[in-house]
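I've put the structures underneath this note.
Shared chain: chain A. Partners: chain B in the first complex, chain C in the second.
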Partner chain A sequence: MIEPLERVISEFKKLPGIGQKTAERLIFHLLTRDSDEVYRLSEALKGLTEEVKRCQVCGNFSLGDKCEICSDPKRDRGKICVVSRPWDIAKIESTHKYEGLYHVLGGLVNPIEDVSPEDLSISELTERAKDDRVEEVILALEPKTEGESTSMYIVKKLRPLDVEVSRIAQGIPVGRDLEFTDKATLGKAFEGRRGVD
Partner chain B sequence: MTIEKATVFVIRKVNFKDSDYVVTLFGRGSGKFAGIAKGARKLESKFGGVFDLLNMVEVVFYQSSGLDFISEAELIENWEGMRNSGEAIDAGLRSARMVNKLLEEGQREIKAYDLIEETLSSLDESQVRSRVVELSFYLKLFRHLGYQPQLMECSRCGRPVEDEDPIKFSPEAGGVVCTKCSTGNEFQISAGLRKVFVKLIRTPQSKVKRLKVTENQLQEGFTLLDRFGQFHFGQKLILRAGSSPEPL
Partner chain C sequence: MKIDRLKITNYRNLEDLEIEPNSGLNLIFGPNGSGKTNFCEAIHFVSTGDNIKGSRQRELINWDSNYALVRMGLLNVEEIVVYLEEGEGKEIKINSKSGRQSDLRSLVPTHTFVPEDLYISKGPPRRRRSLLNRHLSQLSSGYGHLLSDYNAELKKKNTLLKKDEINEEFLEVLSERLIELGARITGERADYLKKLNQYLPEIYGQFVQTDEKLNLSYTEDGLIDRSQEELEELLSDRLERNREKELDRGTSVVGPHRDKFEYLLDGRDLRTFGSQGELRTAVIATYLAYLELYEKKFNELPILVLDDILSELDRARGEAFLENLPEAPQIFMTTATRSPSFRKLSGEFTVLKIQDGVIERQ
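Let's look at the complex of A and B:
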């Protein structure tokens, strides 16, 4: 195969769930489209690295140093909702049941994948929680093994601070990803959150 | 195409494509193998949440090219008690990690299977010192795989090593070393730790929770097995104790 094709295929194959065959199919598809379309795709991809940043405060995707949520004066600064990944924020926002701020951990504690608490932004969270305005930290981590262990670790870290810690777990089926939980269930889980003692 | 049925532990789980899981399973007769659970991440999946890490599950699967294809799964045990303690979950996950690291795909180890079952059962009980159960798990797993550290006789000359304190220990030699054989490069362990190791090996996994082990001995024990494991398996096997959440 000629070099430019091989180069694109090898980049595509680095994406999750894409093997040689799928990569070839996608690229042959692109080759049949007009060049404008392919150009727009490449520009959009370029924008991904040049324009999309991570919010310095919460870790959400952002255009500037601070994301839309963190810079919105209408958001309730007394609440921080902790999620494992940035796309969980979009999921929770879609329920319209929450008006506070967020904190993205960057994953869950999982010894099997060599992810330890130090690999996640837990110390950044405890720093944020020290702010006098913060009254409640809501843990929106999945009720699966790694989520449980991560939640318990955070609860321990936050215990000395003057904040209430609650969990939304109730109502979300055990062992599931937040990503696949439907809006209504997630919304109810938010309203019915319970304090952790 | 042969359809098989096995009782297994979920020892690893990664997302695959949009809605599948690739799970690494460890069964008594089937050994360690990886399978694909199609659609398992979806809310309406027939698998429900059964593939949560450490769950004991009965699976029906058949071999296809590469990964086995899981067609049915039923939860047998999800260790409700263990899930009340961050420390216990963590010890369980670290034990599963060790099985993952040390066993090859297709490898059958009945004793290792029974050991992980006993370990998770122990962690499932309340008020258990998870770190003691975990240390004992590593020691016994090493032993089942043919790597038990030699504790009573010198690993160089075979003479009994007295209860002097400290005792010299060489991962390269495979265990304790007598004063005569010492090259000065061994590291030292307390006589207390040697006693603890002997007790842990002799005591069934379900009963190790009753043994008295001090915090210092635990630290020393993990450090020793870490060095021993790194030498014999060529990889970092034991995670730092500090990364473990304490029980609530």
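Let's look at the complex of A and C:
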């Protein structure tokens, strides 16, 4: 294969979920489009590194030093929701159920991947939680083992402080049949059951 | 549950094999190298998504091909396909839709017994541990998840213990997790052993003339009938006592991943004084006891795949096995020779012959 093609393929293959075959397919697709379209794609990609910054307060994606949420005066400053990645924020925002602030950890503790608590913004979180206005820290980390142990670690760190610590509920997805819910999820749903008002 | 149609393509030496198996017992004859074991493996593969021997993917695909495929039709599921392509992952399709391995387990309950299983009683403790894990994953809801969570946390703790600088607080978090999950695993195992031992002596007695009672027991005393809190306390104490040792060796030395189980005949370790035959019979008895518990829980037995069990048992025990054959909705049993023991089979059965990768009814 000629060099420019090889070069793009090897870059594409670094992306998650893309192997040799998919990379080739994408590139052959791009080669059949007109050059304007390919140019727009490359400009858009360039914009990612040049324009998108991280919020200095919470770690969310941002155009300036402070993200839209952190600079919004209407947000409830008594609550901080802890997520592992910035895109979890967009997901939670889309529910319109949460009015507080966020804190992006930047991953989950995992010694196997050489991610230790110091690599995440946990000390930044405890600093933020010391603010008198903060009443509650809500942990919204993935319900897998890494999320579990990272949550436990954060709980330990927050315990000395005067804040409530809560975790989002785990259970059966809305609109899903009990029959097709796996046992672990169903078990969690039972553990987390609550009274009917 | 029963397999109505089965089509095997390029799975090891089976290039193109098709059959509509009957319910009940299917006896499969064939000389060595004819593909009997591969046939059993293929059934296990399509009904669990797993390769029972843990072979590498390339070894499962016929050498002259670059893909392998097993297709199966059931009464209530039109078609299940497990597809393997060289260099790609495994693909599972249930009625033409993508499926997961866990879907298969609930759709086609299958239990496979391979000759190597007969050495579970004799080999190192890890074999008996994995036997209990296999049984419990089927019988206890959530055990499989529990075990994989425990193993994931254990791997993290072991990695952490090997580091030059250890975050003590995170090590403590992992230890707490391991205590909680570990105590649950120990509790489940202890409960299962208790139930198993209600059946083992009687079943064993059908194979061996003896008044001695066979039990499968924890080597460590005092784990049966404990509450979660008591087990957590036990585990936490042991972890505390071995803390320095763990840091020193850079690995976790206590917990259910080190649990030991032994077969005891009236309290004596079968491994040290039992004959080869008695050791194998202990495994067969465990298998039958497990199936009793399985039937009690699910009201139906799984499909049984029994690869070449008889060749490992002497004639009298082989006959006892045939006489005590569980009444599963469908059984596939392979054997190299037509033994006179088959007179002992009651009821109807189908005889199949496999040769050079082709199967036909006799």
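Please note the rule applied: the second predicted complex is superposed on the first by the 169 of 197 C-alpha atoms of A that agree within 3 Å, B and C clash if a C-alpha of one lies under 4 Å from a C-alpha of the other, contacts with A are read in each partner's own complex, and residues count from 1 in each chain.
To be clear about the criterion, a contact is a pair of C-beta atoms (placed from the backbone, for glycine too) under 8 Å apart; a residue touches a chain by one contact, two chains touch by 3 or more.
These numbers come from a predicted model, not from an experiment.
Participant: Once chain A of both complexes is superposed, is A:68 in touch with chain B (first), chain C (second), both, or neither?
Facilitator: neither
Participant: A:17 contacts which: chain B (first), chain C (second), both, neither?
Facilitator: First partner only.
Participant: With the two complexes superposed on chain A, say which partner A:145 touches: chain B (first), chain C (second), both, or neither.
Facilitator: Touch status of A:145: both partners.
Participant: Contacts for A:153 in the overlay, against chain B (first) and chain C (second): which applies, first, second, both or neither?
Facilitator: A:153 sits against chain B and chain C alike.
Participant: Which partner chains sit in contact with A:177 here, chain B, chain C, both or neither? Use first/second/both/neither.
Facilitator: Only chain B; A:177 stays clear of chain C.
Participant: A:111 contacts which: chain B (first), chain C (second), both, neither?
Facilitator: Both: A:111 reaches chain B and chain C.
Participant: Just chain B (first), just chain C (second), both, or neither: which does A:187 touch?
Facilitator: In the superposition, A:187 touches chain C alone.
Participant: According to the contact criterion defined above, which of chain B and chain C contacts more residues of chain A?
Facilitator: B
Participant: Go through chain A and flag every residue that touches chain B in one model and chain C in the other.
Facilitator: 109-112, 116-118, 145, 148-149, 152-153, 156, 182.
Participant: Going by the contact rule at the top, pick out the chain A residues touching chain B in the complex.
Facilitator: Residues of chain A touching chain B: 16-17, 109-112, 114, 116-118, 144-146, 148-149, 151-153, 155-156, 173-177, 179-182.
Participant: Help me check something: in the complex, which residues belonging to chain B touch chain A?
Facilitator: 11-12, 15-19, 41-43, 48-55, 78, 83, 85-86, 89-90, 92-94, 96-97, 100, 239-240, 243, 245-246, 248
Participant: Of all residues in chain C, which touch chain A in the complex?
Facilitator: 102, 141-142, 145, 149, 152-153, 155-157, 159-160, 163, 167, 169-170, 172-174, 176-177
Participant: Within the complex, which stretch of chain A touches chain C?
Facilitator: 109-112, 116-118, 145, 148-149, 152-153, 156-157, 182-184, 187
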